[in-house]
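Multiple structures follow.
Both complexes shown next keep chain A, but they swap its partner, so chain B is in the first and chain C is in the second.
And then the complex of A and B:
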């Protein structure tokens, strides 16, 4: 009972925040609503016994990325921080993109079918062992990818200066 | 008693009530302590008028703050302006849930306790930034921007130096980290090197996260009037101010837990050792505050990226080598 209530509250904040991200006129509010969605999603993770994932989601996405976004919004602001009125928004195009994304994710979910067993909760210690032993190579490959992305970003930013 | 202990919801409520109230009272009187302490350092008496040795000064301050007119600037973002102070307070207090106060006394014994505190305190920048932006005041905004830049940068050495006790203790659970330091093998002392350097870096980075002197550039009163608190009056100002004190107190508790052995000490172990150590760290922070000058914003960022980050990385590497080969 309490689980369902908690899930309902978390979903309300996650979905409500996401809806406001799309509809809000003020860019700063958009970023803060995104933070609400991310925290509520972390709450859902925690409810499914994925505490590590929840903490990392808050630490990296909300604590790090959202803070950086708040910072960036003000550095790039126009019209007093609100979304520029002369937009490149066409409802038709938005609908097309949204439809494609929804279709693709819906297709993937339906193809996968309903899980036939409850996902087993992996303790943080087991997760660490898995990441450093059988999955060490993909884990390192991801790090190299991130490093490459970071170097690429620096190179691009530098070129604009010169 | 057993009814409370057996029901996790009741236990959580009671433990939360006790911990939060104890911390709020401590924070209020730590302001009195700081003023007395600063007075002693500067050869003046500090507060003397209200109660014996000014001991009732926090009560008088509270009554004054409650009576003040609540002013919200006309062009402020009203909702965010009002939301920021209590949100900051909630986030600071939330971290207290996972502390091992004494052997077996943990309100919420999470296996990722340390990660929980670090992730919750990484969120504190958001209300600080929010207060600065919502005030619609250029000084407040500059303060908020500085706070965001500072928090994003110092997050890196803070997390890296917190990795050292995780590596040495082999767990993310705060209780296990304390247990690994039993019988005086505190990480700040043993193994010599990574632990003690990481301890210093951790405390300095915590000072930066809590916006305390010498790293209080978001609030630099000589440059930014009062930074993010410029437009705040009355109890909302009081909440921001108190949250800053509580943040410092939580950092001291965390420093004592991670590096100074928590409740471990000569004689019987218990909450008194944790409180004594964190209070010593807390007083040390006041000492620094009344001794040092403020860093300049750009020098301070250079200090973070050129000194703190590489040194804390080296600490992590040395600690890992120690853990594997010793």
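And then the complex of A and C:
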């Protein structure tokens, strides 16, 4: 019972924050509501016994990505962009498409007969062993990708006259 | 009746994905579009962790971790592009990027 209550509260913050992300008219608010959603998602991870992932979510996303996005909002404003989010183009059609996708996903989940096996938790120690033994190659490839993304971002955002 | 099962988490992720899709389709501002893409990626991650938790495959969490890092790389490049666009076009309206059309 208490699990359902916790799940309801976390879902409320996650979905409420998400709804505000797509409707809010101030870009700073948009980014801060995204932080609310991401923290609630970290709570959902913690509820699913994925404590390591919850910690990473808070450190990486709400610590790093949100800060980066706030920087981008303010830098773009200085360059002539604006902090207002400038509204929506075709809200009704977008709402229709999103509603269809939600309906289809919901129908699939209901009909799909998801396996309801006994819950099993993967401990952080096991996760570390999985990452460094069978998944060592993707892990290293990922670090190369991150380096490439960083160099790409620097090249793209660099001033040409500097 | 114990705690929420796989279905509950899948519904949460589906709802978040649909909200993010609405944002991607309807937002005019490029930064708001990127933030909405974040929502969709986050929903996919909830699915991965849920499937891992309810015994489909224990590597789901590792995959979610990889997806998290990939999303961060995507955000970094996306934000650099946004700053570049704001510098060259003077605005962040997605509709102002029609140089190839004209």
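Definition applied: the second predicted complex is superposed on the first by the 120 of 162 C-alpha atoms of A that agree within 3 Å, B and C clash if a C-alpha of one lies under 4 Å from a C-alpha of the other, contacts with A are read in each partner's own complex, and residues count from 1 in each chain.
The rule we apply is simple: contacts are C-beta pairs under 8 Å (C-beta built on N, C-alpha and C of every residue); 3 or more make two chains touch, one makes a residue touch a chain.
As the structure is a computational prediction, the values presented were derived from the model and not from experiment.
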First (chain B), second (chain C), both or neither touched by A:51: first
Chain B versus chain C as contact partner of A:9, first or second or both or neither: neither
Chain B versus chain C as contact partner of A:145, first or second or both or neither: second
Partner chain in contact with A:136 - chain B first, chain C second, else both or neither: neither
Partner chain in contact with A:59 - chain B first, chain C second, else both or neither: first
Contacts of A:68 with chain B and chain C, given as first, second, both or neither: both
Most chain A residues touched (candidates chain B, chain C): C
First, second, both or neither for A:27, with chain B first and chain C second: second
Intersection of chain A interface sets (partners chain B, chain C): 52, 56, 64, 68
Chain A - residues contacting chain B, complex: 28, 32, 35, 39, 51-52, 55-56, 58-59, 62-64, 66-68, 70-71, 74, 123-125
Interfacial residue positions of chain A with respect to chain C in the complex: 1, 3-4, 7, 11, 14-15, 18-19, 21-22, 27, 30-31, 34, 37-38, 41, 44-45, 47-50, 52-53, 56-57, 60-61, 64-65, 68-69, 72-73, 75-76, 79-82, 85-91, 93-95, 97-99, 101-102, 105-106, 109-110, 114-122, 126-127, 130-131, 135, 138-139, 142, 145-146, 148-150, 152-154, 156-157
Parts of chain B lying in touch with chain A, wherever the complex brings them together: 77, 80, 110-112, 115-116, 118-120, 122-123, 125-126, 129-130, 133, 141, 145, 148-149, 151-152, 155, 159, 171-172
Of all residues in chain C, those that touch chain A in their complex: 1-12, 14-23, 25-29, 31-32, 34-36, 38-39, 42, 45-46, 49-50, 52-56, 58-59, 61-62, 64-66, 68-70, 72-77, 79-84, 86-87, 90-93, 95
